[in-house]
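Which chain is which? They are A, B, C and D, in the order written, and residues in each are numbered from 1.
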Amino acid sequence: MTTRLGRHFIQIPGPTNVPDRVLRAIAAPTIDHRGPEFSAIMQDVLPGLQRLFKSAGPVVIFAGSGSGAWEAALVNTLSPGDKVLMAETGHFSNLWERMARKFALDVEYLPGDWRGGVNPARVEARLAEDKAHAIKAVAIVHNETSTGVTSDVAAIRRALDQTRHPALFLVDAISSLGSIDLRTAEWGIDVVVGGSQKGLMLPPGLGFNAVSEKALAAAKKAKLSRSFWDWEPILEANKAWSFPFTPNINLIFGLKEAVAMFEEVGLAAVFARHARHGEAVRRAVRAWDLELQAANPAEYSASVTAIRVPEGVNADSTRAVILEDFDMSLGAGLGKLAGKVFRIGHLGALNDLMIAGTLAGVEMGLLRAQVPHQRGGVLTALDFLARDSGRTAKKAAE
Amino acid sequence: MTTRLGRHFIQIPGPTNVPDRVLRAIAAPTIDHRGPEFSAIMQDVLPGLQRLFKSAGPVVIFAGSGSGAWEAALVNTLSPGDKVLMAETGHFSNLWERMARKFALDVEYLPGDWRGGVNPARVEARLAEDKAHAIKAVAIVHNETSTGVTSDVAAIRRALDQTRHPALFLVDAISSLGSIDLRTAEWGIDVVVGGSQKGLMLPPGLGFNAVSEKALAAAKKAKLSRSFWDWEPILEANKAWSFPFTPNINLIFGLKEAVAMFEEVGLAAVFARHARHGEAVRRAVRAWDLELQAANPAEYSASVTAIRVPEGVNADSTRAVILEDFDMSLGAGLGKLAGKVFRIGHLGALNDLMIAGTLAGVEMGLLRAQVPHQRGGVLTALDFLARDSGRTAKKAAE
Amino acid sequence: MTTRLGRHFIQIPGPTNVPDRVLRAIAAPTIDHRGPEFSAIMQDVLPGLQRLFKSAGPVVIFAGSGSGAWEAALVNTLSPGDKVLMAETGHFSNLWERMARKFALDVEYLPGDWRGGVNPARVEARLAEDKAHAIKAVAIVHNETSTGVTSDVAAIRRALDQTRHPALFLVDAISSLGSIDLRTAEWGIDVVVGGSQKGLMLPPGLGFNAVSEKALAAAKKAKLSRSFWDWEPILEANKAWSFPFTPNINLIFGLKEAVAMFEEVGLAAVFARHARHGEAVRRAVRAWDLELQAANPAEYSASVTAIRVPEGVNADSTRAVILEDFDMSLGAGLGKLAGKVFRIGHLGALNDLMIAGTLAGVEMGLLRAQVPHQRGGVLTALDFLARDSGRTAKKAAE
Amino acid sequence: MTTRLGRHFIQIPGPTNVPDRVLRAIAAPTIDHRGPEFSAIMQDVLPGLQRLFKSAGPVVIFAGSGSGAWEAALVNTLSPGDKVLMAETGHFSNLWERMARKFALDVEYLPGDWRGGVNPARVEARLAEDKAHAIKAVAIVHNETSTGVTSDVAAIRRALDQTRHPALFLVDAISSLGSIDLRTAEWGIDVVVGGSQKGLMLPPGLGFNAVSEKALAAAKKAKLSRSFWDWEPILEANKAWSFPFTPNINLIFGLKEAVAMFEEVGLAAVFARHARHGEAVRRAVRAWDLELQAANPAEYSASVTAIRVPEGVNADSTRAVILEDFDMSLGAGLGKLAGKVFRIGHLGALNDLMIAGTLAGVEMGLLRAQVPHQRGGVLTALDFLARDSGRTAKKAAE
């Protein structure tokens, strides 16, 4: 492998740039997960996670990934044959749908064109029809990482409320958590699915479920087989700030640090920063005269932007040029978007100059890969960032 | 938390002492798991793991723990209602048995007294009876971490061979892998279950399955629901040195380093060192006039020793004194051994002086906690270690 | 201190961005500097340093800084009252001159206007006059960090040769080493003065002297008092790959890594990259319609650029805005340039996107601090970098 | 190099075991030494160092080593030809004497046999004779690292006071600082010489001078040439929490952490721990029937013990066996003690089990190297440590 000097730009939508402070925390010597030092860490981390998830219920930490946390959300709350209402938003909603079918759930999947979010009206209509309450859960993706589209979770909650439908509400917040506001308690979300390697600024390896009382009650009756993903023994052990199995100790060292950083900065400031960076990226895209995958401005994602390349261009070749010439990793088009879009992750521990370097890498890559475009994306983004400085965002957040 | 100066002695039977070299590898900036740099690492790691497991088949890496890897072994190979023959060796065989029941398997559990290993004759007898081949799998624990007893895996293999029984052979090697010889291919093991935080010298967070062709064939027909633990998409992606989901990237940086260290040192030398340290510890125990939990010398574990405290002594109080006064973590008695034994882990990255310090901590702890014993355990161990130096072991291994 | 998320841009002309690989090497446990493991490192490092300095003679490593290495160059080669010819290039030549006077040397200081390098013709004229060879040493700064001006060392060597003058030739290469070609042996330099925290990609804490045979001979007669900086005991101990005192062990772990990285990449490629980045920065400066401190294109520095702010602007206020709003450190104007220039370091472990982010930070800072300028510096730099990709530079270097 | 598994025991009397927490601090990205973040660190570190040195005057930090700090103590306070009274305690007092001569000081060296400390009565007698106050400084070694002998600094102070002698009082505390009580202000020490790599639990690379007002006044008149070691510009810059040259930034990150650890634990507890470990080591030595180099119990060092090997044994061969077979580094005999003693460092971040492991390594090494001795040193030490637990020391310190 060629030695590259200078820092690699990892601008995929996860894993993200892990702060050095977190990386160094992870490198601490592993300790006894049954000893007092680890308990003390858990006493910091568990309440901190609840605040981060804005959750009234507990947050379960898994040694696993986001997909594992999805599996946990399903197997803890549902029984074979249960009907689940899902909505197609892109590659990741597809994966979730496929997973649900593997567990013999009866998925009803509202189709989508991968350019929009979940349509609350359609969800409401479907729930209204379901007088018998056959639908046991509504499961959606908050921020569809494959398209850069954020769905209106509060509106889906309203759909449930309007129809007085008792279905559980499961939300994949893998690429929104710590980047885009998610109000677990306020929005009556029963299970939030999260992972460590996105807005949480950690390496991959941890999955999360924030769990409501209603979900806990459902778990008591749910008949899907479960062992590793079972909330109950974990929550029981967590009462004594412990785990029933060996947890991912070193990543939890990092989690403690990440949680502390969120508290130091404040969630409002974090969300404002993500929104600002998302806007800067989209302004660059428009200046380049390229098309966003997301069709509806109200649904633009603050954490990831998927950009369509012109007809006849292979997005993956463009990415390869950018990786080779400018040492930057961008996200590929996934599923049916393969080759048609590239994705810029603008979530996690980023600042204005990292965004500027990222956009510069894209602009130079478009030039070198001879992708038809207009110049000036970087300039436009800088104008925006210089005018609307972080200072303003910082004040707003105070 | 009190600041302690000097290095904490973590002598539980896992997590173990992670070498600094591995910890520093883990602290490298997270990279794109779909990029060429990560592929290159996988090209090192996957064949290296096969050599470490002495496996002809592939080794699947999970972001999870050892318990997750157990779950994977079951759900990939079996169908609801399948009969599984297990054998009680201690707390961990119990956990496995309970897990199997959660997945609606029909477990036949050969009882044990927690002082011995799996009895090959009984297994053979049971298999011989099973003319109809109702038993679909034999699942045992190689090294029972709760008792310090190692079962004779080769003998169980012979039981299967003698009876020409087609059952799958599943082996939990969580606390033997990288410490005690395990010949996956030679002994016809169909699934080996491993974890990162024991002999592999890594933090917790990775689970492993070494998988035989027969197991792969069984997976095609197995009907237990699975998604996260499903071997198939992982093995498919591994062909391109990739993963279907976000792997535990930073721990895999450490895994690369650990695998390299095993290759540098040589497995034979590693096993010889563990055997030698196990012997040193047991000589100390005998000198203290304490009793080993393991009843049969042929089954003494090279990676962990469980020591019975005299009647009237609470092993956990002794451990607490040792933690408080000498900053050393020892393993607790688990399940029905709670309070009755303490366990010394002597696996992973250890050397003679760490073992000496460990035994010194135990001997001083016995004194301070006023546990009835004879003096001289450390002295006896030093005599043994000084006489049978690592040099001899090293030569034997060359 | 406010927690800042995202990576700080440290674009002062040293310390520079230390690669993670080097930082992790530095975090290894300290070892015995008199043991075999340390000797093995020295066997790597010392010859590697000679190649890096292109030196035929040994390279002495000091636990100290660049200023310490200056002091060493003087006290090892000269006696009180010795005449030394120096040339004013800026703040750092001034510091060297002042230091020489502190050691009772008779400094003759050719005046300069801080916008140009050393004038070889004037040096030659002065040497030609000195028929009696009263001048014992010519001491110049290769790359004047305070002004961004690189002097023509080869031309000064020719001046010495033309006049057949026997003076020692001392060169401060603190901000050129590992960034701009310096041919110690070919150019007959007797003492090169270097430090760790610039092009060498290390934290501060090491000073270097590359020493010629002629310098070693001079050291035998030099009468300035010396102990810590004395080459002789160090060179003697270095023969056994050791040190006479406790060396800066952990920084030497990093040095080993840095030396390895230079060898992996190749010096020619490193110099080409620095030249390319220097050109990109200067193109941005011109586009902004700002003035370079360096007056002569032939002397533009490849490692640092000093930029004059318009009359009425305080460069330090501009830097403060950039630090506060964009989390980037730039170099201050030093000595008589205080407040009048700011400096961009473009040396060490940098790549195109880091340079792009840096220039974006300057351009946005000029806007926010309302410094009169033209827009478009970043765009101009990107045009240049995209056209003249690193790929070309890489090929040239092969 | 052979890969060794398990942690190397570094039990030389410096560098010592650097805590992981300090190593990880050192691995943080290098920052601008002229920026606000670095200033904030200095605001922590400088007052913390004063408390650590128990100094009323400032503490100067050098990028250098202990020998550099010696040089600084001399060149800042003295003029060529000044008479300095020194006392031979061993190899390090010899080095200091030699250094003083290199700077043209008129050293009067009270001879010693390397088994005792400085004799206060002889110092007092000599000062009493010096009616003319020709002696400008008394310079002694607090803890002679080559012999394991601690001199009575307070008694020397009394000698100065009794004779009303105005000489400056310079004390080398390199291997006592942070291990053995040193009361800079109370004992009227004018310059304390320290280094980072001993009791301070840091890697080598920093030197220290704690400086009294009297020393600062002397510095104004001192005529020895100085530049790098000059206190004045450093103290001037330190007023603004800055440095006149690039400091050893990453080691200062570690220094901040080490200073914090001392404050968390408390100096009294640190000194009690060192005293206790020194006693444990000496009890082992006596049980082995080996001889201490230190002749006088009142002068036994709490940080290092030098042990004489029997006639006919080469101490270096014994050390080589211990390094090869037990992966432990011990200190060599220095100067005229080469081959005759080996030294155990018991300073810095150590705990009882590390001491136990260390003594076990020595005892096994004596066996394997066939050095005539009695068995039982470890046992004796354990008896002592178990009886006089750290708990008692901890309470005493509260």
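Note that a contact is a pair of C-beta atoms (placed from the backbone, for glycine too) under 8 Å apart; a residue touches a chain by one contact, two chains touch by 3 or more.
Remember, predicted model here, so these are calculated numbers, not experimental data.
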Quiz prompt | Selected interface, B-C versus B-D, where C-beta contact pairs are more numerous | solution = B-D
Quiz item: Which chain's mean C-alpha position is the greatest distance from chain B's?
Solution: C
Practice problem: Take the average of all CA coordinates in chain B, do the same for chain C, and state the distance between these two points in whole angstrom. | Solution: 53
Quiz item: How far is the middle of chain A from the middle of chain B, if each middle is the mean of its Cα atoms, in Å?
Solution: 35
Quiz prompt | Length of the line joining the C-alpha centres of chain B and chain D, rounded to whole Å | solution = 45
Quiz item: Mind pulling the chain C residues that touch 2 or more other chains?
Solution: 7, 17, 20, 24, 27-29
Quiz item: In their complex, what parts of chain A are in touch with chain D?
Solution: 20-21, 24-25, 27-29
Quiz item: Which chain C residues qualify as touching chain D in the complex?
Solution: 1, 7-8, 10, 12, 14-18, 23-24, 26-37, 40, 63-68, 71, 99, 102-104, 195, 197, 203-205, 224-230, 245-251, 323, 329, 332
Quiz item: So in the complex, which bits of chain D are touching chain B?
Solution: 2-7, 9, 17, 19-20, 27, 201, 261, 264-265, 270, 273, 324-328, 349-354, 356-358, 360-361, 363-364, 367-368, 375-376, 378-379, 382, 385-387, 389-391
